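The block underneath contains the structure these notes are about, expressed in structure tokens.
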Amino acid sequence: MTTSTALLIADLVGVAVFAASGASAAVAKRLDLFGVVFVGFVAALGGGIFRDLVVDEVPPLAFADWRYATAAALTAAAVFWLHPQLARLRTTVLVLDAAGLALFTVTGTLKALDAHVPPFGACVIGMLSGIGGGLGRDLLTGEIPVVLRREIYAVAAFAGAVMVAVLHGAGQVGPLPLAVAAVLIFVLRLVALRRRWAVPVATLRPPRTGDPGAGPRW
Amino acid sequence: MTTSTALLIADLVGVAVFAASGASAAVAKRLDLFGVVFVGFVAALGGGIFRDLVVDEVPPLAFADWRYATAAALTAAAVFWLHPQLARLRTTVLVLDAAGLALFTVTGTLKALDAHVPPFGACVIGMLSGIGGGLGRDLLTGEIPVVLRREIYAVAAFAGAVMVAVLHGAGQVGPLPLAVAAVLIFVLRLVALRRRWAVPVATLRPPRTGDPGAGPRW
Amino acid sequence: MTTSTALLIADLVGVAVFAASGASAAVAKRLDLFGVVFVGFVAALGGGIFRDLVVDEVPPLAFADWRYATAAALTAAAVFWLHPQLARLRTTVLVLDAAGLALFTVTGTLKALDAHVPPFGACVIGMLSGIGGGLGRDLLTGEIPVVLRREIYAVAAFAGAVMVAVLHGAGQVGPLPLAVAAVLIFVLRLVALRRRWAVPVATLRPPRTGDPGAGPRW
């Protein structure tokens, strides 16, 4: 098996895991089969579509290579029929999701750097590649994105993206250094889950009287 | 009247119908005149803007040709003032909406194929051209997109997109074959409405105790 | 100080103000520190990212120049810790927000015109550059965008964009004419706030019985 075959397989596993997370959220919202497949597609491929648009790779890979959309659609359809069984696999899915986050962030950052985006912007694009699908999933299902609310998730992705940018600057973009960055994200995410690490939330004074939605918000 | 004039008129009718659907949703949410026009604009042109971004036609047609935005804005403003009368035209509007879906899907798929997107990706882009505006409309008005929840809508669009891709592969992209694909979408959609065909919804076990929004979702 | 330095500083002030508005909305929704920074980033840079995608300037400035994302992130983080003090500065922030709207609309319109977008489309792009960040902020925090609901905001931006397009058509794109267009937006917005000018809202008949979300909406 060549490196590029290994990478493709890893990429498709990431797509499948994210599609499963999107499909599960859609099932919970009572969407129909098409809705479940569509939210799965967005969760799996939304981050990559955004990444490809901002680095001007058009058409985005999600449309240019049929294997991506197919993997997302088949996984989401499987979740539609199998979701009660899936609930028992919760830990497995959390681990695979951390792997998908690690993989998408590293490849997204690298792609942006290769397209001559400066390092800081490339890190933001890489992080968005990792978390963008989940953002789309939550917007489509009417939720405030979960990644904005709790736990170390995007922060782990950003840390790994910074490591990729540093390695890239030092000319170290072979498979091994990149794997180390991916493992960093993966481990950070799992340890945060295990220890319930979270990002702080601001203390909030009670709102003044009146409809808060009606007044300007600052 | 030449073919391209006929196509332009058909396109603008589709824009107007989708703008009316967006404006109606916005009126129902008590948005102001600007909000009604804006949601109408997104409903009419959002799918096409997305299509043009992913096939790298920039600036998107919605910004490059003033007639599109003007048709959307005028229709939405008309709905703002006339919406009580519009409620009586419900059946007419449903039929026109099915026509708009058919038209936007066929032209979107064709545009993607002409931009050398592979067939499967082109079908997805074509379907998104047809349903994208409605997705935007629902996100802006705080609803879970209706296309994800019920009825044969996106599925009819996808079936027509596949037909366009097959015809394109066989070199049959004259007005007549394309019209047949559009009619397929149109008829599928209307028959589904008439017979209340729907896409299945997964059976759902009751959620376990605890706030479902607070836990990870799988 | 050269003109371009002055423009950069003005641009970064606009970024900071919009980031503060996004961060404040995120704090009110109890998002964590990352969520506050992310919503601040989207509020400050979302309009510009959209503008750059539709005029094909890739990577968008928000990713290409680190100062933009840094200004947005630092401001949002500051709001996270200082937001009780900020509540006292409400009038100041409203004035700065009007300045940001004016600036982003004028530069967005000009950039679209320079990219050969026809005048009407360029005005729409310019207006979206000004209001896009606030739209993103509201979608991420689960609100129907406030710009669609009340007050003269987008309309002031559009009026200024039209003035830029007229000046551009007449070859008057020096600093002074553009500043006049920006002042037009700024003053329109402040007078509208002061006098409580608003865009009209349609009169609405009571909805018919039945779940309005379940039926088709027209």
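Residue numbering begins at 1 within each chain, and the chains themselves are lettered A, B and C in the order written.
Everything below uses one rule, namely that contacts are C-beta pairs under 8 Å (C-beta built on N, C-alpha and C of every residue); 3 or more make two chains touch, one makes a residue touch a chain.
Per UniProt, the chains are A, B, C = Trimeric intracellular cation channel family protein.
Because the structure is a prediction, the values reported are computed rather than measured.
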Can you tell me, using the touch rule above, whether these chains form a line, ring, star, complete graph or other shape? complete
Rounded to a multiple of 5, how large is the rotation, in degrees, that superposes the C-alpha trace of chain B on chain C? 120
For the two copies chain B and chain A, is the contact made of the same residues on each side, with over half of the numbers shared, or of different residues? different
Where the centres are mean C-alpha positions, what is the separation of chain A from chain B, in Å? 27
Scan chain B for residues touching two or more other chains and write them down. 53, 56, 139, 142-143, 150
Contacts from chain A onto chain C in the complex sit at residues 53-56, 112, 115, 117-122, 124-125, 135, 139, 142-145, 147-150, 154-155, 198-202, 204-205, 207, 212-214, 216-218
So, in the complex, the side of chain A touching chain B is made of residues 20-21, 24-36, 38-39, 41, 49, 53, 56, 58-60, 62-66, 69-70, 80-81, 83-84, 86-87, 89-90, 93-94, 139-143, 146, 150
